[in-house]
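What follows is a group of structures, each given as structure tokens.
Heads up, the next two complexes both have chain A, just with different partners, chain B and then chain C.
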Partner chain A sequence: MLGSGYGVLALGFALTLRAAGAVNFAHGDVATMAAYGGVVAAAFGATGVMAITAAAFLGGVLGLIVAIITWAPLRRRPVEATFIAAIALGIVAQNSLTVGFGGAPRALPAIVDGGWHIAGVYLSAHGALSLVVAIAAFIGVATLLLRTRTGLRLRAAAEDPEIAAAHGLPVIGLAIFAFLLAGALAGLAGAILSNQHYVTPTVGAIYILKAYIAATAAGWGRILPTALVAVGIALFETIGAALVSQAAAEGALYLAFLALLAFRPEGLAGDIQGRRV
Partner chain B sequence: MSAYDLHLLTLAGALASAAIGWQIVFGLSGALSLAAGTAMGLGAYAAVLLPLNLDLPYAAALPAAGALSGLALGCVALAAARLETHYFALATLAVAEAVLLLATNWESVTGGANGILGKSPPHWLIADEARALSALSATIIAILIYYSFKHFIGQERLALLRTQPLAAKAFGVNGAKTRLLAMIAGGICGGLGGAIHALAVGVVSPDVLQFKTMAAILAVVLIGGRRSPVAAVIASILVTFGPEYLRFLEDSYLIVYGLLLLATILFLPNGIAALFPKLSAVRFHKKQLTKVPVPYRTLLRSVNLKRSFGGLSAVDGVSLNLHKGEIVGLIGPNGAGKSTLLNLLSGLEHPDAGKIELAPGVRIGRTFQTPALIEEETVGANLAITGYPSQDQTLVKSLSQSERRFLELTRAREYANGLVLLDEPAAGLAPNERTRLAEEIRNIAAKSAVVVVEHNVPFVASIANRLVCLAEGRVIADGEPKEIVRDPAVVAAYLGVAIDLGADR
Partner chain C sequence: MRRAYLTICVLFLSLSAPAAPVLADQVVVPVLAPITGFLALEGGAQRNGAILAAEHASKRHNIKFQADVQDTTTAPDVAVSALKRTLKNGKPPGVLGPILGSQMLALLPIADQEGLPILTISGTAKLTELGSVNVFRFFPGDSVVKAAHALFATEQVGMKRPAILFQTTAYGQSGRSVLVENLNRLGVTPVYEEGLSPASKDLSAAIAKAASAGADGLLLHLHAGPTALVIRQAHELGLNLPIVAGSAMHQPTTAALLEPAMLKGVCAESGSAPAAEVDGPGKAFADSYRARFNTEPDAFALAEYDAVGMFAKAYAAGSNSAATMRAWLSKNPYQGIAMSYVSNGKGDMAHSAVIVCYDGVSHNARVARRFKDGAWVN
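After this line comes the complex of A and B, so read on.
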């Protein structure tokens, strides 16, 4: 389930990275806010399915807001401008949530209740359905990018914005669409993660770090590998936490990642676009 | 002044020191480190733990906190030496999270999540005035470190590194080394700030290592200005005292704070420092570069150079020697490997195989396809890296495209000793400007070798005394221009039709 959540989250992160060339540092906070949206919906009596839909929808809207505030006006400025603006937006989001909901953890209802005991292991229906949703999102994004006209245009705009614009592609519109889609994916991820792992106002910072690590390890801007590496990170954490402790697993993850950066800065899979300066 | 105001002032000084430290790393060196909060946190822990565990007096613990933090951040910079921009940011962020985890979970030493109470300070540090004074000292030390670093590296070299990393490398600025020194210097400032912070609050807990410390430093530098320590001090006071005056907002003040930060980034990108009048024209120090005549005819020898990108061969076994007085035109279709070859010769990229030998004393100056100049600076500042005396105060961003080309040519010429490489120098020039360019190139070639990558074949053939044609990473022809432009292989691979250079040549 952690794997499904991280995977979907990283999918969205890599999408904006590729399509808009932006490191969307508010991505984790979008997931958190959307999850709170789900919590509110549930408080008004929404079922699990309705809550997750609400979260995805809210995530899309938030993604749009992120694009309008932190990306569109700063496109021509140095790359770190968007990065820092997103951090500032994250501060606003986190503290709004703290004021609105308090710092205590909240949980989202499961998409569906119940579960099965299989060979002594309990498999929740929520976990199983999360996996299905994650795989569907993965296939959906892959199909969109590789098989549709919009996907082709997105990739063209990402490859060389100037040339794409000269050919009449709405480069800005496409990038904003990527932000919207990424936001919806973040909302989905937030809802998946916030059932068993709860949600707190500042949990987005940890989520974004994992997505960021996945994007770098997979090779900057490679969308589908990024999602797979994120699943790997989740498995590593889950197994590590079961064997030793949560803190040890996270610490080992960061150290392993630093070693990777020091010795293979181009990432596990190699960097297809060359070093981005 | 009330005791509480003095306490806030002490905290502001601590924050200012850390922020000035980050200005060295980010503002001056352009490295987006997200471990500035960690530098402060490490300093805070050191200032509390050293007196507790090693019985170190505070007078020694405070500087030791700065030194330890500088050392730790230096290690981070070493590990991340080869990384640029976002990779560097991420590596430092991962370090920050790892240190936070360590502080939270190593309970026997750090007291875990609840933190640990510091030893009571000596009598001379108990008064609020004394603490405020120590904060002031830390701030002054940070400002001194800032200006020493800026002077030591040279501000024109730092500006080139920030804005044109590739050109910086071509002009001998070592990015990894500069980042290492910046992280050490910044770490010392941050550590001192953290130590003062711990002294002021009396306890240290993982709280100080949270991302919000980094966010506060970020806010101070963005609101103040990236390269103005004085503005950082003012912004620190604003950020520290601001919440006190925004008390009526209660918990929401952090939201307002985030919004203010966002507004600053969007509407005041250079911070409040931009509101100050410029005191005086910036003076650049001019270190004269040594230029001794190279007593050899062959200036560069390269054997069997190979370079490929992800299995695609860009340069595939090129051997090329360059001699004094030569103007070598490098031609060939797009993707033939011309730019890669230029990067290999100028040392920006390393060959996968083969070797390059320079005659002793040779220093290569080069230009780029898109002029790699410091846009925000003056012509004089751009030339300062070569030691060329120019008082020209014209801003580069107000220059036309062709003026930029000539400025870049001057910079390459003045920096070089023996060898100048030009990447499409005639692109975008009017005919009369091309004549001037040809003249300049001939002047340079009187004492040096010049390599000109150019698509305008008639132009390059008219000035070169040797043409080299590349195709698919290999040299397919090398010789006199009038022979090369009729060479069947060159015509087939590149020109399409033979060029008649006319009888006037």
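After this line comes the complex of A and C, so read on.
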């Protein structure tokens, strides 16, 4: 389930990276805020499915807000301006959540309760369903990008915004749509992770670090490889913790990442040319 | 133009109006607490305890005590900046320091340099081992709570092969070493130990390895979120192991993260457990706290409440400078709500602990044992 959550989160992160050239460091905080939206919905009696849907919807709205505040006015500035603005917005979000909800961890209700013991391993029904949701999200985004007119336009605008604009494509609108979709994916990821792993105001900082590592390791701007690498990161952490220890697994992850940067800086699937930040 | 001129004049006059006078008997109580960051839960409890204590002390002593809370987040340098800002307004008789041990360790040299008493509820053992005369700890240190933790686990629960899961933070590492010392003193050696980062989410591997090592119980020394994660994941793995957790598990907000059935066989050490008290001053405090903040109190809030209470009593007795405050705190006992406090000469004021246990049916804990000066008192 950790892999499902990381994968969906990284999918959204890579989407805004590719479509708008934006390193959205507020993406993890969007996931967190959306998860809290799900917590509020649950407090009003929403079931697991309703709370997760509310979180995804709120995530989309928050993605839109991030685009309007941090990307649209700064898109012609150096790329660092956008991600510093996103970091600042993320800090505002974290502190707002702390003031509003306090520091106590919260949990969303499960999509469905129960689970199974299989060969000594426990698989929760919520975790299994989260995997199905994550796979559906991957297929959905892949279909959108590769098989639809909107996806074609998104890719065209991402490849060369000036030429795309010259051909009459609404480049800004397409980028904002990418932020909205990425925000919805972040909300979904936040909700998936918050049932079993809880949500606190600052957890977004951990999520965005994993997403950033996945995006860099996969190849800057590669959307589906980023999602798959994020799943791989979760597996690496779990297997490493089982073989050695939690602390060693985390250290090994960052060492592996450094080694990858040293020997294959373009990432496993190669960079989209000239886009790395 | 004329309207603009008149507006400017009105603004100038209103800004020039004298500010409301500070009451001559108003006493600012500086409180440094991690209100944001990963310790926001504990920092919030610290803040609330201080605010409530200042309000009650004002009525009790007929002096207006005002808790002035500053956020130290979780970085030592932010705590240092907060203390220096406090000192810019003149040296107060004392300061309530942050609950985070690493921040307190950064503040102690400044406190010693300034001769400033610093009252804390941090449990990190090292704070009172550095020889500072300015630190006063109002939460039982690791030497008290971990003794209770080890004794309860071995004597009451019957653990002979415990596994220890501890946080990799200063709090976790400090507590773990004192816990192991106490276990060894009781003739018990842990069969497995692992340090966990506060950011880790999947702890099932560590739990499974503890079980594979032949552990007959889990001893936890973790913050709130990881404590709940371990208990949940241990339950999901089907391990029917008794768990004696650290003070994070006494907090009602931690218990609320788990199904009651997951709490069966779970106990926790703490300085106190106001939410579990059914009568007496503890219940009165809990009721006041709930009415004031609309949330359940925990031991950290109560410890801070008692710390400010003792500060206020000392001030009311004439200790209105740093030197006189330090002298008063060092020499006098104080009957707080959680326990009676008296310095052991090193700054440890709190010498009692409790063990709370959950029944597996509700989220409510009950006080199972009380511990004072190295032995059970009930």
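One rule holds in what follows: the second predicted complex is superposed on the first by the 267 of 277 C-alpha atoms of A that agree within 3 Å, B and C clash if a C-alpha of one lies under 4 Å from a C-alpha of the other, contacts with A are read in each partner's own complex, and residues count from 1 in each chain.
Here is the rule we use: contacts are C-beta pairs under 8 Å (C-beta built on N, C-alpha and C of every residue); 3 or more make two chains touch, one makes a residue touch a chain.
Owing to the predicted nature of the structure, the values given are computational and were not obtained by experimental measurement.
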Which of chain B and chain C A:N95 touches, first, second, both or neither: both
Greater chain A contact set [chain C / chain B]: B
First (chain B), second (chain C), both or neither touched by A:T238: second
First (chain B), second (chain C), both or neither touched by A:E250: both
Contacts of A:P201 with chain B and chain C, given as first, second, both or neither: second
Which of chain B and chain C A:Y212 touches, first, second, both or neither: first
Touching partner for A:S124 - first (chain B), second (chain C), both, neither: second
Contacts of A:G103 with chain B and chain C, given as first, second, both or neither: second
Partner chain in contact with A:V79 - chain B first, chain C second, else both or neither: first
Partner chain in contact with A:L2 - chain B first, chain C second, else both or neither: second
Common ground on chain A, meaning residues reached by chain C in one complex and by chain B in the other: 95, 98, 206, 247, 250
For the chain B and chain A complex, residues of the former touching the latter: 32, 79-80, 82-87, 89-91, 93-95, 97-98, 101-102, 104-105, 165-166, 211-212, 215, 218, 222, 251-252, 254-255, 257-259, 261-262, 265-266, 269, 309-310
Complex interface listing, chain C residues touching chain A: 35-44, 168, 194-197, 199-206, 208-209, 224-225, 228-229, 232, 236-238, 251, 253-254, 256-257, 295
Contacting residues of chain A [partner chain B, same complex]: 23, 69, 73-74, 77, 79-81, 83-85, 87-92, 95-96, 98-99, 205-206, 209, 212-213, 216, 220, 247, 250-251, 254-255, 257-258, 261-262, 265, 270, 272, 274-277
Residues of chain A that touch chain C when the two form their complex: 2, 94-95, 98, 102-107, 115, 117, 122, 124, 193, 196-198, 200-202, 206, 234, 237-238, 241-242, 245-247, 250
